[in-house]
Amino acid sequence: MYKIAKENLPALFQRIAEGQDLILPISNGGQVNYGVWTEDADVDIETLKSVKSPKDAFFPQSENLYTCVREGKKLQITPEELQQKDFVVFGMKACDIQGVEVLDKVFLSEPVDTFYAARRQHGTIVAMACHEPEETCFCKVFGIDAAEPKADVATWLIDGELCWKPLTEKGETLTKAVADLLSDDAAADAKVENEKSAIRAIIDKLPYSDLSLEGWNGDALTEKFNSPVWEELYKPCLACGTCTFVCPTCQCYDIKDYDTGHGVQRYRCWDSCMYSDFTMMAHGNNRNSQMQRFRQRFMHKLVYFPANNDGMYSCVGCGRCVEKCPSALNIVKVIKAFQNQGGENA
Amino acid sequence: MQELIARAKELLANGTVARVLGWKAGDLPYNPEPAYFEKEEDFKDFVYNGFCGANLSKYMIEATKLEGKTLVCLKPCDTYSFNQLIMEHRVDREKAYIIGVGCKGKLDIEKIKKQGIKGIQSISGAEITDDAETLTINTLYGDKTIPYADGMLERCHVCKGKEHKIYDEIIGESKDTKDADRFDEVSRIESMKPEEKFAFFQKELSKCIRCNACRNACPACSCRKCVFDSNKFDSSQKANVDSFEEKMFHIIRAFHVAGRCTDCGECSRVCPQGIPLHLFNRKFIKDIDEFYGEFQAGEDITVKGPLTSFTFEDVEPSVVAERG
Amino acid sequence: MQRIGVFVCHCGSNIAATVDVKKVAEMALMEPGVVHAEDYQYMCSEAGQARIQEAIKEKNLTGIVVCSCSPRMHENTFRKAVERAGLNPYMVEVANIREHCSWIHKDIEEATKKAVILMRAAVAKVNLNTPLKPGESRVTKRALVIGGGIAGIQTALDIADAGYKVDIVEKTPSIGGRMSQVDKTFPTLDCSACILTPKMVEANAHENITIYTYSEVENVSGFVGDFTVDIRKKARSVDMTKCTGCGVCQEKCPSKKTPSEFNRGLNNRSAIYTPFAQAIPNVPVIDREACIKFKTGKCGLCSKVCQAGAIDYDQKDEIITEKYGAIVVATGFDMIKLDKYDEYAYSQSKDVITSLELERIMNAAGPTKGHLERMSDGKPPKEMVFIQCVGSRCSDDRGKSYCSKICCMYTAKHAMLIRDKYPDVNVTVFYIDVRTPGKNFDEFYRRAVEDYGVNYIKGQVGKVIPQSNGKLLVRGVDLIDQKQIVKEADMVVLAAAIEPNPDVRKIATMLTASIDTNNFLTEAHAKLRPVESPTAGIFLSGVCQGPKDIPETVSQAGAAAVKAIGLLAKDKLMTNPCTAHSDELLCNGCSNCANVCPYGAISYEDKEVNDHGKREVRRIAQVNSALCQGCGACTVTCPSGAMDLQGFSNRQILAEVDAICR
Amino acid sequence: MSIEANEEFRPKIVAFCCNWCSYAGADLAGSSRLAYPADVKIIRVPCSCRVNPMFILRAFEKGADGVIMCGCHPGDCHYSTGNYYARRRMTLLFSMLDYIGVENGRTRVEWVSAAEGVKFSTTMNEFVEKIHSLGKNVRLGDLRCRN
């Protein structure tokens, strides 16, 4: 186990950023979001949750696919280059890392999304354990251990020191590159073990930790789909995209063209199943009521996705939607509503 | 709250209303959600406390299309929005039974958490009946207390007053929680140099994730289809690919609600990135007040809005440059 | 995608000398949709037009861009040319490369570059043009005149003489209006009745004119050329077909205590009455408020004495519904109420009167049979004071900000007539300014001062105080001599401001005609369309549009008639196809567009729409294309973009913006 | 910005002109041969009240350095009241642009009658000069349109 004093972190960041991008939580206008490190960035690794999940690092909110330039009646099409530069994402929590696993299932299965794959290949993830979990967290429900994140490097911030443990080859490489800033400390192992137990103890006390996912699987598809509970649940939904845009696992995108005046830039950007024009086609829309769109989001996360991915839910219990929904709706309320409904409807 | 529940049940029972639009207790101490109550037993979950910040006027657009009357709980500031919706024929007054509910300032959980409070287990002092000046918050990491006012939404610090502008009856007392001038921040920005203004808004707007929560929560943004979702202007946008698009969206949105925005503050309340969106709307309100005389949207439904009226002596647009 | 042809005009050397026209044509071929481009000496010539027509046929062109002079010059020429070649005339766009380019730039390269950009903008726009068709609407060959004063009578006569049917609706029991109350007219001093009465008779006798007196407009629907109007003919209680106008009923009527409206309340009339002797129609009405029969059920004397058996107590209001092609508003004016002017003691003393009351006093058929006497004691006055601008040119909200225009002249008239008939009466006039623009007006005023010795004092009166001796103490200032003036007068005459008839608000609302803050009807253009309302098919006659004297009123009445005739002479109206349209799936029904429409062209309808399978009844804006003039104010006020303007659509303008900025 | 760079700078300027007054005023400027820089390109609209704030932002988005709107003088609108609405809209919009830090000289409204060819030309000359002094518009545009 390595460690580094908290006050030496700026030097660590500077070192990592030499020759590669470093993406980490930065406070901007009072909000913490992942962003590219610069010398004057206001890095904040204490705040537990970034507003947006760090999924942008691998699947940005918008990215160009190709550029098309028109000269007279001739068109010149240039595809966007894939990620070539290595980068490090620092500070990701266990839930967000599980979010990336979910994205992997989507984008790395055939046909592989080359843009995503290139980023995954070049990205190194330095995870941080969750020092003080919050009441909106429910990662435990999905079998995620916030105390011991799985990544290229796992870290723990304990009493002004960052304990550092490489877990993979990528992690070892990164560790070597910054080795002179780290010190090896056998005693740190015990500290980390203490921290892990403290974290787990808190997690056991969290209000959502005993949430049961019983009945949420592919087998229950039609009963869940046809349940009258949706009709009640969706009503406060304002049809904004907050839940989908802060979510670490939402992966839907739309492809659009932008007229640059001298051509077209084709890009993709996140879409939200909460939007009325989601999956709009020439004939209209598959889901033309907000109830249907609302249902889609939760059915996808809790039923369709696990049914197609060996039981893996596409919710990781990060609790961002719990915090950010303007109408105080969230996936936990959905799960509970079906629980309360008892066996007969659910 | 008990009086409100009793009255709502009574109106439901005697057939005056077919449903009640209020708030249902959440599963955390601070997340009640807007909800409809149609049966007596539904009321076990009914709640009205300091966290019931949502402006239910917007829900009335759909609710007044339903069979029978809808009882809606409106706070004093929400009634301005309701009036504005009446003016624009978006709600049917005849289908609404308005209970003006008392308000002593609504709470902002984000602001409370920003004060280093996490792992919240329970909160006391947020009940509407409670005259407590402090909030006591029991957390996994110890108990905390903060003054009630320190947990209030920005909009409550510039409260429009405790008067309901439209109602069928009033239940509960309201308090004027104003302790700041709503134009202070706008004036502060106005006095900046252009590059400072630009940097300020660039920084704030760069956080925008285009979730549309501001728009969708806004009672004035009640278009069936927003121009940013339709191809009518070739203006449909789903993401801020370029920083221009953030500006375009927020300026046009503010312009579309200019003269119609009641300054209810929902946009800023719901923004997941804490962007002070009210600064756009208030800029228009401040300009309208200065250029065309004081105007409060939703106050008087017989008065034409400032952008659908004019006087021969209006200031020229050059006033902007002349003001410096 | 359109198949676009671009035609670049040399305009001799006007364009070709500074713009490389060949290059513009060449560049045009690089634009999306352009399949043909050529340049030619004079595109507007017969030969030039023929080239466009040929190209349309040969290349199946669907859109045309002409790069030439200003569209204000030849847009119509090119529209007609393409129409003859079978293309919709609205598929043409003109790029103005002369006035906006070749004529103002010297450098050929620069001018050519700009011409190319202007061409691109036009191409981008025409790509989004759609064929437009002017609408047609029929014209009902009948006009309605609201108001039966001199303005209304004159308009009706002029329209009727042109061969069209006209109906006059008059609120009071007789036509004649304010002019019938006037004794003499300035500056000729001829008798008002003598010149008005023949016109009233002529109107009454005209085969094309129908007069509805004691009637009011109740409801107006429709639009230019096709209005439907409900007229409430109030129950007269006298059968107009039977009444001979003998007047016995009025003589015998025992209820004689109602103040006469015609004589401005200076004397009383009976409950059954005609307002004045020359009334048209000469058929009395029963004032049901005053009539004993209606109040108590007893009496019925008029019925007993009427030999013609014309009295009909059971008569009911009647609604007449008629269609009109044009409506002329001639609702006239009234004097303002003087209740805010206590300082002039109008309500305290019977000897403080308004000028219109003086007209009645001086009229031989008036309450004093034309003798100038004090209304308090019947004594002839020796000292008379006239106060000008009572409520006119007023800076506070007690009165009107405008000049009432007629007061200076009628006061000169009154002063002159009094001095002429009663040389021993001293006449003093307090004025702010004496305004006498008009033919022979200033001469008239000078005669009053110079020949008739009327004492004009520039200054205002602060207070009129009734004295115990029955006299009126007038306190004023003389601004020229800078001194206070105190005068003891026998009578004080107030030149009260005139204001539009208060009913005009209601009428304007029904007609969706706009009115200004003083309740005067707004003209379509202050200078160029002074007798038309911005609402098509509504015309303005007389003081309802602004203060006027009689000759001005008559000439404006004639002008309004001509405009109405011009409309009625058409069988069909071709409407401008560049009108606003609302997309019913996007419309919120919020009414903001209607609030800014100057033509009242937007109405709302509850309509069932099918929004991608969701059926619901929605409040939707409907634009009446016969009324819409295509300004586009509504399009900007519409937040959802539901309201768009044909010919200048959002997407068309944005395409031009994009083309210019790229 | 250096003088050399300024010489290179050819601003893109969009002028919205109402059909009845200002467009005719521009025509008169043309027929009177009153020159103004070729950087100004005119878009004809029926009335100043047709100008949507969206059009103005769109012009900036696509790379305009200045946008000017011309209409009939207040009181002379062909449609009676159009320019009064336009005046309020533009005042508020310009104020907002100023508020977010866009140089207020980049937007302008001028009332130009059909008889004011001279005023049209002078206005355009002044405006182009102003835009020159402000330089390229970098605060309000979409970078994708720049190249």
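Chains here go by letter, A, B, C and D, matching the order in which they are written, and residues are numbered from 1 within each.
Definition applied: a contact is a pair of C-beta atoms (placed from the backbone, for glycine too) under 8 Å apart; a residue touches a chain by one contact, two chains touch by 3 or more.
For clarity, every value in this text was computed on a predicted model and none was experimentally measured.
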Exercise. Could you see whether A-D or A-B has the larger number of C-beta contact pairs?
Key: A-B
Exercise. Could you find the chain whose CA centre sits the greatest distance from that of chain C?
Key: A
Practice problem: Between chain A and chain D, tell me the centre distance in angstrom, where each centre is the average of that chain's C-alpha atoms. | Solution: 46
Quiz item: Once you find the CA centre of chain A and the CA centre of chain B, what distance in Å lies between them?
Solution: 30
Exercise. Give, as an integer number of Å, the spacing between the C-alpha centres of chain C and chain A.
Key: 68
Quiz item: Approximately how many whole Å separate the CA-defined centres of chain C and chain D?
Solution: 35
Exercise. Among the residues of chain C, pick out those that touch two or more other chains and give their numbers.
Key: 596, 637, 650, 654, 658, 661-662
Quiz prompt | Junction residues of chain D, two or more chains touched | solution = 53-54, 58, 62-63, 75, 81, 85, 89, 142, 144-145
Exercise. Would you give the residues of chain B that are in contact with at least 2 other chains, written as numbers and ranges?
Key: 225, 227, 233-234, 241, 307-308
Exercise. Considering only which chains touch which, label the overall pattern as line, ring, star, complete or other.
Key: complete
Quiz item: Can you list the residues on chain A that touch chain C in the complex?
Solution: 72-73, 259, 261-262, 284-285, 288-289
Quiz item: Quick one: in the complex, what on chain D touches chain A?
Solution: 62-63, 142, 144-145, 147
Quiz item: Which bits of chain D are touching chain B when the two form their complex?
Solution: 53-54, 57-58, 60-61, 74-75, 81, 84-85, 87-105, 107-109, 139-144
Practice problem: Quick one: which bits of chain B touch chain C in the complex? Just the residue numbers, please. | Solution: 65, 87-90, 221-227, 230, 232-234, 256-257, 304-305, 307-309
Self-check item: In the complex with chain B, residue positions of chain A that touch it
Solution: 28-31, 33, 48, 51-52, 61-62, 132-136, 202, 205-208, 235-236, 238-242, 244-246, 254, 256, 258-259, 267, 269-272, 275-277, 322-324, 326-330, 332-333, 336
